[in-house]
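Chain IDs A, B, C, D and E follow the sequence of writing; residue 1 opens each chain.
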Amino acid sequence: MRILTRRHAPGTAPGTLAAIEPPTEPIRLRYTEYGLETLVETEVTRPDEVPEATPEVTQWLDVEGHDVELIAVLGERLKIHPLALEDVVNVGQRTKSEDFENAVFVVVDCFSIERGDEIIAKEQISLVIQPDEVLSVRERRSDLFEPVRARLRGGKPRIRGGGTGYLTYALLDTVVDHLFPVLEKLGDRIEEIEDEILVSPSPGSVNELHALRRDLLVIRKSVWPLRDMLNGLYRTESDLFSDETRLYLRDVVDHATRAVDIVETLRETVSSLMDLYLSSVSNRMNEVMKVLTIIATIFIPLSFIAGLYGMNFDPAASPYNMPELGWYWGYPAALAVMALVAVGLLVFFRRRGWL
Amino acid sequence: MRILTRRHAPGTAPGTLAAIEPPTEPIRLRYTEYGLETLVETEVTRPDEVPEATPEVTQWLDVEGHDVELIAVLGERLKIHPLALEDVVNVGQRTKSEDFENAVFVVVDCFSIERGDEIIAKEQISLVIQPDEVLSVRERRSDLFEPVRARLRGGKPRIRGGGTGYLTYALLDTVVDHLFPVLEKLGDRIEEIEDEILVSPSPGSVNELHALRRDLLVIRKSVWPLRDMLNGLYRTESDLFSDETRLYLRDVVDHATRAVDIVETLRETVSSLMDLYLSSVSNRMNEVMKVLTIIATIFIPLSFIAGLYGMNFDPAASPYNMPELGWYWGYPAALAVMALVAVGLLVFFRRRGWL
Amino acid sequence: MRILTRRHAPGTAPGTLAAIEPPTEPIRLRYTEYGLETLVETEVTRPDEVPEATPEVTQWLDVEGHDVELIAVLGERLKIHPLALEDVVNVGQRTKSEDFENAVFVVVDCFSIERGDEIIAKEQISLVIQPDEVLSVRERRSDLFEPVRARLRGGKPRIRGGGTGYLTYALLDTVVDHLFPVLEKLGDRIEEIEDEILVSPSPGSVNELHALRRDLLVIRKSVWPLRDMLNGLYRTESDLFSDETRLYLRDVVDHATRAVDIVETLRETVSSLMDLYLSSVSNRMNEVMKVLTIIATIFIPLSFIAGLYGMNFDPAASPYNMPELGWYWGYPAALAVMALVAVGLLVFFRRRGWL
Amino acid sequence: MRILTRRHAPGTAPGTLAAIEPPTEPIRLRYTEYGLETLVETEVTRPDEVPEATPEVTQWLDVEGHDVELIAVLGERLKIHPLALEDVVNVGQRTKSEDFENAVFVVVDCFSIERGDEIIAKEQISLVIQPDEVLSVRERRSDLFEPVRARLRGGKPRIRGGGTGYLTYALLDTVVDHLFPVLEKLGDRIEEIEDEILVSPSPGSVNELHALRRDLLVIRKSVWPLRDMLNGLYRTESDLFSDETRLYLRDVVDHATRAVDIVETLRETVSSLMDLYLSSVSNRMNEVMKVLTIIATIFIPLSFIAGLYGMNFDPAASPYNMPELGWYWGYPAALAVMALVAVGLLVFFRRRGWL
Amino acid sequence: MRILTRRHAPGTAPGTLAAIEPPTEPIRLRYTEYGLETLVETEVTRPDEVPEATPEVTQWLDVEGHDVELIAVLGERLKIHPLALEDVVNVGQRTKSEDFENAVFVVVDCFSIERGDEIIAKEQISLVIQPDEVLSVRERRSDLFEPVRARLRGGKPRIRGGGTGYLTYALLDTVVDHLFPVLEKLGDRIEEIEDEILVSPSPGSVNELHALRRDLLVIRKSVWPLRDMLNGLYRTESDLFSDETRLYLRDVVDHATRAVDIVETLRETVSSLMDLYLSSVSNRMNEVMKVLTIIATIFIPLSFIAGLYGMNFDPAASPYNMPELGWYWGYPAALAVMALVAVGLLVFFRRRGWL
């Protein structure tokens, strides 16, 4: 996973919009307009199809995919500051919220599990929140905000009458809620590795722990500022959020804090597992080496004795030259001495606690 | 121990009540109503049996077990905010206290030792504190709050006249006091492991240290916010707590701080023991390897000498071909050389400090 | 050393006084009453022998030993809040100062070296400071506060006219000053271990470092809050302390800060020594293993050559069957080859820097 | 890379200007004067060629190279405080901004990649910002600020009418933007090393990780104070920066914060890779040692059996003396026993999971 | 290096002056009196030779060496608070500045390189700053403040007219400037060790790293509070320092901050080198062990084959008894088999990447 963000050349004028990668899917603009009584959902193809904002209804334009020119046109139409526009287009921004004269600009990362539980995708979501209009820009087409749409259709007054403040809450809540399945998946994987390490530690476990550590690092770099940013929104004096909506924002802050807690816990667990792995491998290795060394050590004196009686001193030349070779019980005695030595060493090793 | 909390699907409307696991025990509602002079304790089966709150008496409804529908009814009757209700039902919340318009909502974790000192159970306790009424919801039936009931029955004016503020204190104090036996048990286990490690370190000790580290991590994640939350309650400007009750709250803060201290100390001790174990195992292994290697090393030159005189050079072919084999003192001399080599090596090893 | 504090059962009413261990020595009450001109020192046996406080003189009641009933009586007589009384009796409290309506309550730990420099004793000192009266409660009889008494007898106006504020300072200064010999002793021990490790590292050093680490952990948990508490007293707006006395309190804060510095330095030194030990042991082990392995490696090819000429191929059966055995210079040549191999390996090892 | 800064002798009067190293290139002074309508770019050779500052135009004097005397003259002419001048000349200053009576003095480090991607150069940039005039001093000639010049030539009113505040922003933005390619290069190198370590860990990887760690340390020591300094400029109450320019400054703060994030992430990754390397090397070593030890261990008993039947006990002297040697199936039986032992050991090793 | 400070017995009255070590050199009192027009430098022998302070001139009494009685007399004459006097005499104080009624009391540590670059000396400097008089007390005679004297003689109005505020700055600046050569020397030594470790790591490097770590710890404990203390002086509201002098103080704060940065960088580098050393030693050891083990492993099967044909089975007793011994190509075939085995093993090892 690369963590460095793609950027244009140093020294370019700020607010320059430049396509970094050609868009792979056609862009989609979904326009929703709602009030307590009304709800209109359409797809538009050009920004000028979006009606002017009026205080009567809440407008939400959800852009799926990056089309630099289209976003430039949108920016002009909605009078978005060029610096905010630049950050919308250049993904890889830090999680943050910035106040502009007529709008609040929010950037968050959304993590989600994809392609059969195998990949954790990271996507930048940009929100430009104005009193009567919310613009959300995502990197690609997805059903991420479908549950919010469904609740709009459900028609409860809480969301239909909540204005852009409550809509912002609903979108951010969706993003934060997406964190938990991701963390749960990582947690599950960590538990599996823990079981592997306790049963049979393999180098693969370490590589995977290393990868998990990097993933958690990336998530952590998103989640900490996310919590602070949400807390900032909750405490902001802006009148975008009503007192009732603030209670809901506090709830999202609480969820983000829990996500932070889980990330930190997972990180500590991974560290602890690394230690456990090292200790486990070292224990197994010690076990192997000890047993093998003991086997070798027992046979070494035996082999010496055998070698001794393999010497070719001439018994005929002297009565002191290996007379044992000619004794009646010579061979059995030699075997007995060997057996004694082996048993003695085994007893010695056991007494020292090495077996 | 799983630390990730169970959650409903991302994007669901906030405040949705959903049963996560079917309740295994029937729920129990214990209703207590008391003043300086009166005390009524009953079990109720339906929320509407609970009388309306009046300033004359303090009402305490203690719910043991989770019944989503019942809690939804209760919530409506006591006008509890849906976000608070959601957190009551979805256990695994962070320790926190939240101010709502007409109530303070408190979530804490209670740790207790169960089933013959073998299991540390974690249970979420939710308190909804209103001027004249306290609602406490627990995950299951237990005698956790029996001491508080006993003190109510005792009739001292301090508790009977203390209103919901003092009752809140008494319930929280009970929860905090339950931490100490748990920590003491963990501390005892750590001391046992320390003794094991100093006497005979085994891989099992590491696995247990790893498990203790995880347990302490879980407890720590509860105890730190617990202290902060209690401190927040102590410093809150709400008039729920009288000046006298605040002194008692300060005492609970002090206890929680002590628990934090103990947890941190235990964590450092576990880390230190991990190091001690590694050093201890490494020392023992070194000892074994050194002795065995020395034995091997002493015999290697001896075996070489024996092998030397096992060579089959033909003494008849030349006077230089192993004439030693035919010498009168050949064999004793060879043995003597071997003995000399062995003693020499032993002296050398001892001089180098390897024995 | 156990760091968990003894506590009564969870849920007991706060402020309950319960003897934890039967007092082993009879309690002693030393009463001192002094002003600029007067000084009365007596031992009393019952609290009601203590005269009523008057603004003319400063009263100091020093209780050595824990007698629950006596302290309960004292508490009632001096109108001490039950929560403070509870903490006086249940030793193992955190270092803290608490304001009550009519008094300041201070708990500190006093560390001192005992029994021939072998034991570091930890004792809880509780002070209840009222405008004209100081109550000090210690765990047992000792000469801890003798220097303060001696200075009172000395009669300098600074202490005799300083009231309870200056007396509090003098008592706390004595407690803080007791820290330094303890830390110096630990520092000396750490230096000795450092010398041991540099000269001949033994597993005993690690165990001792581990014990020192635990001791420093315990002291650290007392010294950090001690500094904060003293700083709090120094900055308190209470009129217990005159401006002149505050200068002295600042001096104690400074001493406590120095103690904190020393503790942190010692902790870092112990960590560093742990690393040094591991590196040192590993170096020595490597040295041993390397030399032994080299000896073994040199002899292995020699033994192989000896084994080669120990083979029994029949030279009579073929001219290719070990004709060397019958050569005139066969044996000397074999010896020469062995010597060459040995020298060659030695040169090789030296060139690689392994010797 | 040396990180200590060169300094003059201790005790010298502050504000003494002393050439530390003889300038290797001739100095270059580039003077730019611009307003909404006008733009003059010239090279000057003497400071007195620079016209007096007037509120009508913005003046920018860009000094490339260090000439102590020239800077002393400049300092006098622009009334720069001697302490600021000293810091301009003595490179190796900390990143900082300091308010003087009539100017803001800013020091930052600029990192850039040079000589074919091989070297990361660090250069001190000093800015003296006055209401109508900016002085920038760099260590040597380079095109660092060319993009700013190009934008000035482009003539957009945003920069041409932005005064010294916007110019300061543009210069600092260029410096911060230069960080990203450097970090990206370090990140790429770290990824390559990660691949190396996963495939075939070599000691060279560690040395390079160590070097990367040092480089990151140096960058980190610049980037943290850079972020704080920029944040200080953004929040300063000085009227150097208009509200619109502040928005741009906030954008630079955001970029610097991202740089800090990346540096921290890279540092953690390097640490993690160090662990991975150690674990990887240890795994490979264990693998080698285990296989080799097992081979040795299998042959040791076989060699013993061979040695046994190499003994020279005289079968003629006794029926118990190695009668096996004369058996019809003696040799095949011995081979069979050896094969059995070898197979038995292999099975044993496999069962224990050592193969 | 001992870091614990010498102290008098616990419980002594505060402000007691006691000689800790007999002064080894005679004390020297250097008296300087200066104004814009006048400068008098003399040595005095008794404190009463110092004239009374007058607002016309600035007085500086520089005491080199500790004479308890003399300092007691001085203290009385200059009306210095006994607590400040105590800290002047008892060296080993923490770096700090304290406000007394009529004076500011400053304690700092001065580090300097002595005796041919071999020793880093630490000396406590105490300053008592009064509106018209500065008292500086050092532990021994040295030329430390010679540069300040030289600048006074130089007669620039900045110092001669700067009063005690600027003099204080000049003295503190000298002390801070002395830090850099010390840190540079430590940095040089660390670089040398790094080269040693990369070329040929020896246990001596670790011991030296350990010593450097301790030295850096001692310096760090001085430098951090030094920075904070200087920052405190810079921000103090006292009118000792004019606005112009404050700019200079800010410059010293900046230098101290740079010293802090360097110390932290050196500490991290030492830690990193410790890791590098361990990894380097482990790599070399692995290399040695691997090669030696491979040599042993190759010869083990060869020796087994040699041992096999050294067995004494009687070829005459059976056609199956080692008929190879009598074959025409027996011996060459045996040698060929051995060569094949050796080559086979080498190929195998190479394929596995072990060579």
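The working rule: contacts are C-beta pairs under 8 Å (C-beta built on N, C-alpha and C of every residue); 3 or more make two chains touch, one makes a residue touch a chain.
What you see is a predicted model, and the numbers here were worked out from it, not measured in a lab.
Listed here as common contacts of chain C and chain E: no chain. Considering every other chain in turn, the ones in contact with both chain A and chain E prove to be D. With each centre defined as the average position of its C-alpha atoms, the distance from chain B to chain D rounds to 41 Å. The distance from the centre of chain A to the centre of chain B, with each centre set as the mean of the Cα atoms, comes to 25 Å. For chain B, the set of residues that touch two or more other chains comprises 289, 293, 296, 300, 303, 307, 310-312, 322. If each chain is drawn as a node and touching chains are joined, the picture is one closed loop, every chain linked to exactly two others. From chain D, proceeding by way of chain E and on round the ring, the chains are encountered as D, E, C, B, A. Contact residues on chain C toward chain E in their complex (touch as defined above): 146-148, 151, 154, 156, 158-159, 173-174, 177-178, 180-181, 183-184, 187, 191, 198, 247-248, 250-251, 254, 257-258, 261-262, 265, 268-269, 272-273, 275-276, 279-280, 282-283, 286, 289-290, 293-294, 296-297, 300-301, 303-304, 307-308, 310-314, 317-318, 320-322, 352-354. Across the complex, chain D is touched by residues 2-5, 7, 9-14, 81, 83, 93-94, 96, 98, 100, 200, 203, 206-207, 210, 213-214, 217-218, 221, 274, 277-278, 281, 285, 288-289, 291-293, 295-296, 299-300, 302-303, 306-307, 309-312, 315, 322, 324-332, 334 of chain A.
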